[in-house]
Amino acid sequence: MPVVNIRLARRAIPTTAEEKAALIRGVTRVMVEVLNKRPESVVVIIDEVEAENWGEGGEPVPVLRARRERAKESNAS
Amino acid sequence: MPVVNIRLARRAIPTTAEEKAALIRGVTRVMVEVLNKRPESVVVIIDEVEAENWGEGGEPVPVLRARRERAKESNAS
Amino acid sequence: MPVVNIRLARRAIPTTAEEKAALIRGVTRVMVEVLNKRPESVVVIIDEVEAENWGEGGEPVPVLRARRERAKESNAS
Amino acid sequence: MPVVNIRLARRAIPTTAEEKAALIRGVTRVMVEVLNKRPESVVVIIDEVEAENWGEGGEPVPVLRARRERAKESNAS
Amino acid sequence: MPVVNIRLARRAIPTTAEEKAALIRGVTRVMVEVLNKRPESVVVIIDEVEAENWGEGGEPVPVLRARRERAKESNAS
Amino acid sequence: MPVVNIRLARRAIPTTAEEKAALIRGVTRVMVEVLNKRPESVVVIIDEVEAENWGEGGEPVPVLRARRERAKESNAS
């Protein structure tokens, strides 16, 4: 009974129920194909984490995203 | 200092504060009785996960629950 | 940067490096296809847990496996 | 690419975005200084857990906090 | 299908298979009694963590244990 | 009582007990300075994960490391 936990920083456009269902279906299929697990034995848990609670490179995601946006804009101008 | 993490799919009727207190009390008692831990050293963390973020058998919990409900209804009729 | 944690009870025949690589490749592809993530942003961590440290239905996995083996044998005889 | 997960019981005064940024910055610096990791490789995820979902000593945090408050008040009087 | 993860610092005398089975049995029973879960739906995963990988009060467990031992000895003498 | 979990891919040169103690000390100090926590309330758990169990960009760490080594060598020649 594998347990798979997917952790994601919440995005501006929230992950839809359809996308979550596709994650659950896709990851379960990988467990079945690679490890020959029965699908009904696979548990998938998705955690969407507030963007300000997620950091990379020492900075919260909203700061990182704002910088990337500014970089795109100055490239475009 | 054991750390126990309980993860649950959120149900239609939310878990009450009393049920959470009973989970914390019960799990702590198990740690004390089996491993001889001091109760004040036991940490219990409960995560209630949105039902659409929890999958089993490749499907999100709301899909599974709806199917079980339909099965019950057709058995009852 | 999604982080995916796969937890598995260790089996009699250990999971091979090739199977682990296939899990990592497959789960990363799901994140890319469903959420449009860049592959290099996906982290996958596999935990193989000792069978006696994993329980289902109130019993450790070695007890469950032994019972299933006996059931198979008595069915076969 | 170290992944650091900080779990906290939610307090009466919520953790501010500035405090979360300081946690992310501080923990990332520790990973860089001690293990010589590149900062951009460090992921930090903060989980704020509802106080009634967190237990210590067999009791939920709101019960513990109320008792401490009463103890302070009777000491002060 | 609740998933319960018990994390423990490894002790000098290792946790026995019987103790692990008792943890699994006891925690599963709590989930059944408090939340009315079916026992076969409960997963329990025990992680024994090397003592030097576990810290409290800013110090690794082996340092804490050595100090407690010295305190006991000086109390006894 | 914050709980901090640090997860790392195991390196060729293993993390020493001194480095682990420095991680525990450093992360605890961050919790004290930023959130005003009592040091004795902070738990830090370090998980060193086998390199072949850790993936990034769809590949296990040993494959990534071998490629980086080859890149360095061809740059040096």
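Note that the chains are named A, B, C, D, E and F in the order they appear, and that numbering of residues resets to 1 at the start of each chain.
The criterion applied here is as follows: a contact is a pair of C-beta atoms (placed from the backbone, for glycine too) under 8 Å apart; a residue touches a chain by one contact, two chains touch by 3 or more.
Bear in mind the structure is a predicted one, so any value in this text is a computation, not a measurement.
Chemist: Look at all chain centres (mean of CA atoms) and spot the one farthest from the centre of subunit A.
Modeler: Between subunit A and the rest, the longest centre separation is with E.
Chemist: Since subunit C and subunit F are copies that touch, is their contact same (over half of the numbers shared) or different (under half)?
Modeler: Comparing the two copies, subunit C and subunit F contact each other through largely different residue numbers, since under half are shared.
Chemist: Which chain has its C-alpha centroid farthest away from the centroid of subunit F?
Modeler: Between subunit F and every other chain, the largest centroid distance is to B.
Chemist: Determine the centre-to-centre distance between subunit D and subunit F, using the mean Cα coordinates as centres, and give it in whole Å.
Modeler: About 20 Å separates the centre of subunit D from that of subunit F.
Chemist: What whole-Å value do you get for the distance between subunit C and subunit E if each is reduced to the mean of its CA atoms?
Modeler: The answer is 23 Å.
Chemist: In subunit B, what residues contact two or more other chains?
Modeler: 1, 3, 7, 23, 43, 45, 54, 56
Chemist: What chain-chain pairs meet the touch criterion?
Modeler: Every pair of chains in contact is listed here: A-B, A-C, A-D, A-E, B-D, B-E, B-F, C-D, C-E, C-F, D-F, E-F.
Chemist: Which residues of subunit A touch subunit B in their complex?
Modeler: 17, 20-21, 23-25, 28-29, 39-40, 42-48
Chemist: Inside the complex, what are the residues of subunit E that reach subunit F?
Modeler: 7, 49, 52-60, 63
Chemist: For the complex, give me every residue of subunit B touching subunit F.
Modeler: That would be residues 1, 3, 43, 45 of subunit B.
Chemist: Taking the touch rule as given, give the residues of subunit A at its contact with subunit C in the complex, in rising order.
Modeler: Those in contact with subunit C are residues 1-9, 15, 19, 22-23, 26-27, 30-31, 33-35, 54, 56.
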